Every structure is written in C-alpha cells, then in structure tokens.
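Next come two complexes, and both contain chain A; in the first it sits with chain B, in the second with chain C.
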Partner chain A sequence: MTLSRSARWLLRGAMALGLAFIYLPLAIVLVNSFNADRTFAWPPPRWTTEWWTRAWDNAGAREALWMSVKAGLGATAIALVLGSLVAFAVQRYRFFGRDTVSLLVLLPIALPGIVTGIALDTAFRSVMAPLGVEKGLFSVIVGHATFCVVVVYNNVLARLRRSGGNLQEASADLGADGLQTFRYVTFPVLRSALLAGALLAFGLSFDEIIVTTFTAGPGVQTLPIWIFSNLFRPNQAPVINVVAAVLIVASVVPIYLAQRLSDTATGGRL
Partner chain B sequence: MPAGPATPAVALHGLRKSFGTVEAVAGVDLEIADGEFFAMLGPSGSGKTTVLRMIAGFESPTAGTVLLGGRDVTRLAPFERDVNTVFQDYALFPHMSVRQNVEYGLRVRKVGRAERRRRADEALRSVRLEGLGDRRPAALSGGQRQRVALARALVIRPKVLLLDEPLGALDLKLREQMQVELKALQREVGITFVFVTHDQEEALTMSDRVAVFDEGRIAQVGTPAEVYERPASPFVAGFVGTSNLLTGAAARDLLGRDGTFSVRPEKIRLDGPPAGDGETAATGRVAEVVYAGPTTRFVVDLDAGARLVVAQQNLATSSADVAALRGTPVRLAWRTEHAVPVPDPVPPTQLSKESAHAYR
Partner chain C sequence: MTSTLQRSAGGASAVRGPVRRLSAWLHRHAGVRLAALLTAPLLWLVVAYLGSLAVLLVSALWTVNGFTGAVVHQPTLDNFRTILSDEVYRAVTLRSVGVAAAVTAIDALIALPMAFYMAKVARPRYRRWLVVAILTPLWASYLVKAYAWRVLLANGGPVDWLLGGPGNGPGYGLTATVLVLAYLWLPYMILPIYAGLERLPDSLLEASGDLGARAGRTLRAVVLPVIVPSVIAGSIFTFSLSLGDYITVQIVGGKTQLIGNLVYANIGAANNLPFAAALATIPVLIMVIYLVAVRRSGALEEL
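Let's look at the complex of A and B:
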C-alpha cells in the first residue's frame, strides 16, 4: 500500500521518537561510564576511564558476573535439551493432550516472574529442602530454565515446521539409518535454530532478577542482583554505571546474532 | 504387460491401509513388471499416494503384503528396501550442495570419496545439470530441483524408482518437456518407474501401463489405449478423458441396446456426410461451444435425451464460425464400434463390512 507523503513523514517521526525514547537513556548510561564527575553532571565536564578500572577491580562485581554466566549456561543447557525434545514431540507426533502440552510449555514466559518466583521458592523450601536439595545455584538454574525452554522450543518448532518432515523420510529412503539421518540431516538443519534459541535463552537468564531473587540460595549473587543491591550506595554509582554499560553491549551481541540466525533460511550460510 | 515368467519388480497382495476410521487403501492387488513405466492415476484421496508410500516403506499396511523382486519387504524400514522416491516437493537437503545431495545415498553406504564424486557427477550429467554441483538447492529453479531429486534417487541404482506427482510443481511448458525427458531417462537407465499422478494426460502419454484408482481400490489396469478406449467403469470413462456416456433410454434409442456406453468426443463427426454403413447417427442442438486453439469442443444436447461432448479439429474453421453454431441443430455420426459398452460398477459383493462406506 502506498502512503501519502505526509503520512510517511508522520510515521517516520513517530518511529524516531519511539526509538529515541528507548535508546537515548541507554546511550546516556554508556556516556556516563566515562563521565569524570561523580554526580554525573551533564554535559560531562571531563572524561575518565577510572570507573572502568575500578569496576574491573571490584571483586563483588566479578564474582557476580561469573555466577550469572554459570546460571545462564546451566539454564541454557536444560532449555536446549528439553525445548528441542518437546518441539520434536509436538511437531512429529499426534498424541492426546498435544495442544495442552504446547500451551503449558509456552505459559511460563507469560507468567509474572513474581508468581514463578514465589511458587519455586515455596517448592524449594517445603518440598526440595527436606529431600536434601537446598536453594543455591541449582535452584536459580532451574528457575531460569522454566522460561528459557520456551525460546528454544519456539525456535526449533519453527524450523521443523519450515523444513518439512519429509527430509527425514528422504534420508531414510536413500538408505540412511536413524543415527545417520540425525547426524547428517536433522541436526545440521536444526543447528542454527538451536544456536539462536540458546543465545536468546542465555540472554533471558543473564538479566533475570525477580525469579533469581526468590530462588537464589545464600551466597548466590548474580550480576543483576549485585547491581540492584549496590544501586543505592552513592559511592558505587559510577561502578554500577560501568557494569550497566557492559551489560548493554553484552546483550546486543547475542540478540543480534540470534536474529541473524533465525532469519537465515534453512539453507542459509550459518 | 511385458511377457515372460520373470518375477515382477513390485507385487502387492491384498494391500489395505486405514487411518483411524478412514480406509485410504481398501484392498489393492497389483503386479508391476521389471523395467515398466507404470502410472498410478486417480483423483486426490483415491489412495494412490498411500500405496506408493507403502511400497517405499513410509507407511506400514494395515493388511496385505508388499513384494519387491519377489522378496517380502512388508515389515522392512525404508532404508532396507531397494527402492527410492522422488518426492512431490523434492525434499532436497537445504544445507547441502547439489552434489552433496546427490552423493548422499552413496555417503551413507560408505562409498569412497572419489568414487562418490565420480558417480554423482555422472548422475548430474544424465539429468543435464553438470556444472551446478556446487550450488545450494535454494539457488535452483523448480525444474532444476526436480532433476536433482531424480539424480539423487538414481545414483544408487535402485530396482524401482517411485515418483510422487513428480511434475506437479512445474509449470505447463516445463511439465511437457519433463514428460519427454523422464520417459527417455527411464529407457536409458532401464529401472522400473512407478509414478503417481492425478493428471490423466500425463499418465497416458508417459506410461506403459496405468492403474486407475478410485476410493482406495484399483478400478482398472491396462495400457493407456485400453484404459482410454475400453474404460472398465463409468468412473474410469469419466476420469480418463471426457465422460461421454449414453445410458437408459438414450442408449436404447440410438444404439438399440441396453446398458451404458462411452463415446470419446474425437470419435464423433459433427455435420459431416450422413451416417453410412456401420455408423450410428444422432441429432441434437448445440448447447455450448468452447474454442480451444487446435480443437473446438461442442456440447450437444441430443434429441434422444443425453448430452455429448464433440471435439472437432479446427482444420478450416475459425472461432467466429464455430461460435455461430451455438443453439443450432446438428447431426452427429460415429462408427458403431466406437460406442464402447462400459460395465456398471461392480456390485459390492466382495466388499467387507468395514470398507463398505468407501462406496457411497
């Protein structure tokens, strides 16, 4: 449909405004991480890399970062296995309750984090603890996995639907047994979808704060939690700014890659 | 059917397949000779594709057996059968190059790299795709993909090649070209081809024999000429060509006999010399005129109470001339032997209870 000239400019303006509203504050965080003024005077009177050095030397931040990476990797691993298994089941087989399973897998991403958090907290304290499983890093990983499964599931399901079921049939027809079919056809076709799903899952886990609050055991502090608990200490503000800047850059990369991977057709370059 | 006591390449005995309460294949017996180009023709839902999939091993029959070269393969997996399939949507592996696609069957059979490459290039040459081996399937046209699928299936020299609507996704020009090429290719490699189609013209032009499917069973098997000239049932008469049937009072009046008779449109003469010896005459009125380039089709309402389609070659007439015939009375004539008796549908005596619904 062709829009009128004025409508085009109006829509362009609205688009620019909307994006500016989201991204200008982020840009300011980045700029302020080099702002030499402790109270972030604007415009910055002088520039410095002192905050970056201080942040790097901050043991708390580094430990929290490492914790976040561990939690993210664990949740992503669980999500990859479970998400792709469910996607295969839903795509390949007709069984009783298929639509229900599909809905129940998707639901956690829509559930408020606080609900998931409370529920998991109760479960861990009243059910798992008596069984000897205390809250700790493991409970954080499980908590994150509940919603990370969804993104892997969605990516794999979309790829399976697009690539059609008869690639497996064609492979078997040409003489490949089940293992060969998986190795040469099924997995390579899914590879980029799995990678995209994994990147998104890791990203989701990495900046999660609510569920983490409820599921983290003593001594388990992920980066978002560390930021939150240091947010109101005035002398930590510049360091937090740096950490936030790092997080911005660190989350752009996987999301950008994930999008590229999802967009590429099954026969794509990656 | 080629003579000789040789074991048939494919033999189906009492083949049945139900999906839930639907009986897709309701008892099929069929023998396909070695080296034959065999067509399974039928409307969608007639069970022809399901039969093909049971030969390939993608579906296991509810009852009956599948023999390939005399060996019972009914319970074997697709990769244990010496047949290959060209899929309707080709099912090329999108992440592999054309050559890797063609090599696939050899690769999973652990054929050495050099040998693989040599045979793949040879197969690509036989379908005239040499030089495209390094492309991805996505970078090929529909016709080229079709050829890759053929090369991929033929490279492992199967005993039988199954083709599921192989030309369905191509446009008309390409389809006609591929019909000729497929036929030539089959003669060249000498492999039994079994192909499924809903296009009667395709089935008639390409195959040595045709099986016409109707509601999960075979209505007729025969050479294209047999099926076209001597249809075994009103369904076959209508599906293979134009249904031009004379029944009841019309048959009695015009032919002097009881029963159902089929007259092919091109056998009928319109407004020619009066009917001579051994010819049947009829009168009627032209209800519709359809100009189709080389021919014109006249829909004629007979005074005897039936409707016949008459096809005339446009040797000297133009579209303006033929259009003027609409609504005018005409005389028709055809050789008496061209009114072929068509047996009425088989009474459902051999139908078992669970398949009775297939005959409405």
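Let's look at the complex of A and C:
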C-alpha cells in the first residue's frame, strides 16, 4: 500500500499530537513541583525547591512507600508461582475446560476492580473473619496476587508457545530427567519472560488503589492510598505533587529494565 | 545405539534413583502432572476468587435492617427490585455505560492512527522507541495521572489559561471524567492495535497495492479485518476499567455519580453491603455479556 505524502504527514501529526496529549499533563506535574505558589497558579509566579525537602521529610509518605513495596513483593511472588503453573498446564496439555481456565485467569483483570475489591472484602468479612483471619497486609497481598496472575501467565505462555517443546524433547532424549530438563533447559528459556511478568505484576500491584481500598486492614496504607487520602487537603497539595513527580520520574526505571530483559519491544505482554 | 542409551540411562538411575523413577513415573502419568500443575492455581482462582464472587452474589440477596443496621440473612430480590424500579439507578447505570462507551470510542479514534503510524509508517529503528514512549506512562501511577488532570483542569489552571481565562475550560464534571478516563486507558488501546498491525506483513499491503487497490480499499479489505480483534481486545480494557472506576470521578468529576461511586457509598457511608453487592452485579453482568459476545472474534487471544 502506498500512502500519499499528505497521508503520511497526517499520520505523523496524529502521532505527535497523541504523544503531546500523553506527556503534557505529566510535564505539568514536574514543573509544578517547583511552583512556589501553594495553589499552583499558572503560569508559576516564582520557583522553589521547598516542597521537595518537605516531601523528603514526610514520614507518612515513606511508610506508605515501604508498605507498597511489601505488598508488591508478596503479590508478585504468589503471581509468579500460580501464573507459571497455569501457563504450563494450558500450553502443554489438552484437557476439558482448558478455555475456561484461561478465561478464569483473565477474569480478575477483566472485571472492574471495584467488583474484585468488594467480593474479596465480603469474603474476608463473612468467611475469614469468623475463622480469626482479620484484614491486614495479608488480605491486600491476596487481592493483588489475584489480578497479577494474569500478567505472569501471559508472559510465560507466550514464551512457551514461541519456544515449542523441541528443546525439552531433545533434553529428555539425551537422558535428562524432568528436574534436570527444567533446570537446564526450560527455566533458562523462561527466565526473561518470568522477569518481565514479575516486573509487570509488581507495577500493577504498586499502582493499585481500588482493590487495596477494600482489602486493606486498619493501619495498612499503601502509597496510592496515602496519596488519595491527602489529595483533597489543600495544604498537603505541594507535597503530593512532589511525590507524584517522583513517581513519574521513577516510572522510567521499570521501562529501562523491561527493555533490557525482553526480546520484544513492548517489554512483556499486558 | 539403543543399548548405549539404555546403559547410560541405567547408570544414571543407579546414582539418582528416586528422582529418575519419579520423573519417569510422572512422564507416564500425564494426568498426575496436569493435576500437580493446576491444583494450586485453581484452588486460588476458584476458591478464593470465584468463591468471593459467589459470596458477593449471595449477599446481594440479603438486606439490611433499617433500624439496627444488621444484615438480615433472608434471601429476597428486594435489592434488585429497587435497582430496577428506581429512576436514579437506571440513570446512573446508563451514564456509566455511556461514559465507558465514550471513553472506548475516543481511545479507539486516537489509538488507530497512532498505532498505524508506529507499525507501518515509522522507520523500524524508531518503532521500539515509540512503543517505549507509549508504555512509559503506564508505569506512572494512575493516581498521579488523574491528579495531573485535576491540576490542569483546576479553575484558573493551565487549561483555562490556554483557553483564555478562568472558567473557559471544561472544569470538573462529566466531560472531564470522560477526558481523563480516555487519557488513563489510552495505552491499553494503542498496544494491542500496534501488536496486531505489526503482525500484518508489509508484503500483504504491497500485494494489495500491486493488485490495484488504493489506500482506502487496502485499509478496508486488508487492514480492517486484522485490527478488529485488536480493537476489541483494547476495548475490553478501556470499557471494563471505565465501568468500575470511582476514583477519577471523585478527583475530576465534580458531583458526577457513576456505578462505582454508588457501590462505594453503600459500603462506606450507608453501610449497606448487600445493596452495594447488588449494584456491583451490574458491571459484572455487563462485562460478562461483553466478554461472551466478543469471544468469537478471537479478541481474547490478543490480550
């Protein structure tokens, strides 16, 4: 198909506009973190770095960050195990209900977060609480892991499909047992897919607010919850803005890692 | 050849007998292997997740005693009757579906030319960077992005300033909600479409051109069939994510109410969990119908 010159320019323009649409709001947050005006008057009348020092000293933000990291690591670990297991089962075997299993894995992320959230909340209140298990960090990890399984599953499944079963068969033909095949053949093939899946799972968990709201016990405050609870307090606005700016800058790190790890440009599948 | 193989296998089994015997036994029993793989994940997803959903659906049939606030464990369809008969809930449901549909349509409109440019027009070595540029904002926190728009759309904020003074922009409200949700979920639409287009070989487009088709015809006959499943895959994200959202609405929506807000209000302030559960079945129902409807298109494979 030959596109006319004007069609190419139109597409190029659409791309540029789209990227501007995506990045301008983020740029504004970065700029505003130095805006001396407390209510972010635009254009900024003066500049300051005061908000950055204040955010740095904010204990609430730091504790919330640590809580988010713990929840993310827990959920990622569970998702890695469960997601890989399902991926192996779906790729290697033909069984009754195979399509249903792959739909089931997808369901927690396909259904709105509020549904997953209040379903788990209801279950915890009416089933787990009588058993003596109260909501806390544990329930947050359970909630996050449930929708993180799918990203690990997708990455591992894609890699298994691409690599096929020939290597494993060759390994078995050469006399390796199942454990050796897994250790020397299957795992190395999967390693970068697992890392990409883990990265995405951690990212999803780190950013999650809706499910967290419903599954967090008292005193469990992840970073998004902390941001949200401070969002409507006018005198906290500059500090929130700095935390937002930090998160925007920090989002480059996982992208960089994903690029290094992954052979596909997208750095793993959603 | 066979004998050496057997001997070497036999020699190894003498050293690591149990592992090898277990491995051989597992190799013969595919069913056991499958069960070992599936038990933990299915326990988790069926018991923890579907179980929770089941508890949710059952609790939608309960009611709350108006005086004591205690949950009455007596199955009744009262909650659903209220939802179906009350004008407010119908209006909110329609508004939520409308917002989700509008967000999906806007995202598709923005994403299609961008994905096409990325996959077919941009030089191959820039492609990777364009994908990275689309992907990076996904890692920036959801709240941060919604917050960015709160600042942008504030009275006297940058958007007002751009449009010539306070009050000229859309401000907070329904328009802002649609705009911000479309902004938030845009990458989820671009990436599947890009992936679909990338798989479409350039030679196919050239062949179409060689056979005399103009750009429009090629788009219709060759490109469109390939990207429809991708667009549907993207729409699952944009639609579902918009349908359940209540955070963005609180941040930029002003007084706008969506299903999510009603569910949230019934859990928190009203403390009517059964009614919240009944309300939450609406998005579930809509999404299940949507998923079943699009399953045939092959869109689920694109996710």
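As a working rule, the second predicted complex is superposed on the first by the 254 of 270 C-alpha atoms of A that agree within 3 Å, B and C clash if a C-alpha of one lies under 4 Å from a C-alpha of the other, contacts with A are read in each partner's own complex, and residues count from 1 in each chain.
By definition in this document, a contact is a pair of C-beta atoms (placed from the backbone, for glycine too) under 8 Å apart; a residue touches a chain by one contact, two chains touch by 3 or more.
What you see is a predicted model, and the numbers here were worked out from it, not measured in a lab.
In the superposition on chain A, A:G175 makes contact with both chain B and chain C. When the shared chain is aligned, chain C comes close enough to touch A:P112, but chain B does not.
By the touch criterion defined above, A:V81 lies against chain C but remains apart from chain B after alignment on the C-alpha atoms of chain A.
Touch criterion met: A:I248 reaches chain C, while chain B stays clear of it.
Counting the residues of chain A that each partner touches, chain B and chain C differ, and the larger count belongs to C.
By the touch criterion defined above, A:L167 reaches chain B but does not reach chain C.
Of the two partner chains placed by the overlay, only chain B lies in contact with A:Y184; chain C stays clear of it.
Of the two partner chains, chain C is the only one that A:V149 touches; chain B does not reach it.
In the superposition on chain A, A:G18 makes contact with chain C only, while chain B stays out of contact range. In the superposition on chain A, A:V29 makes contact with chain C only, while chain B stays out of contact range.
Across the two superposed structures, the residue set of chain A contacted by chain B and also by chain C is 172, 175, 177, 265-267.
Put simply, chain C touches chain A in their complex at residues 5, 8-9, 12, 16, 19-20, 22-24, 26-27, 30, 33-34, 37-38, 40-42, 44-46, 48-53, 55-56, 59, 110, 113-114, 116-118, 121-122, 127-128, 130-145, 147-152, 154, 156-158, 161, 183, 186-188, 191, 195, 205-206, 208-209, 213, 215, 218-219, 222, 236-237, 240-241, 243-247, 251, 260, 263-264, 267, 273, 276-277, 280, 283-284, 287, 291, 300, 303. By the touch rule above, chain A contacts chain C in their complex via residues 1-4, 7-8, 10-12, 14-15, 18-19, 21-23, 25-26, 28-29, 32, 40-43, 78, 81-83, 85-86, 88-89, 93, 95, 101-108, 110-116, 118-123, 125-127, 142, 145-146, 149, 154, 172, 175, 177-179, 203, 206-207, 209-210, 214, 223-224, 227-228, 231, 240-241, 244, 247-248, 251-252, 254-255, 258-259, 265-267, 270.
The touching residues of chain B, when paired with chain A in their complex, are 56-58, 77-79, 83-85, 87, 89, 91-95, 104-105, 107-109, 136-138, 152-153, 156.
If you check the complex, the residues on chain A that touch chain B are 163-164, 166-167, 169-177, 180, 184-185, 188-189, 265-267.
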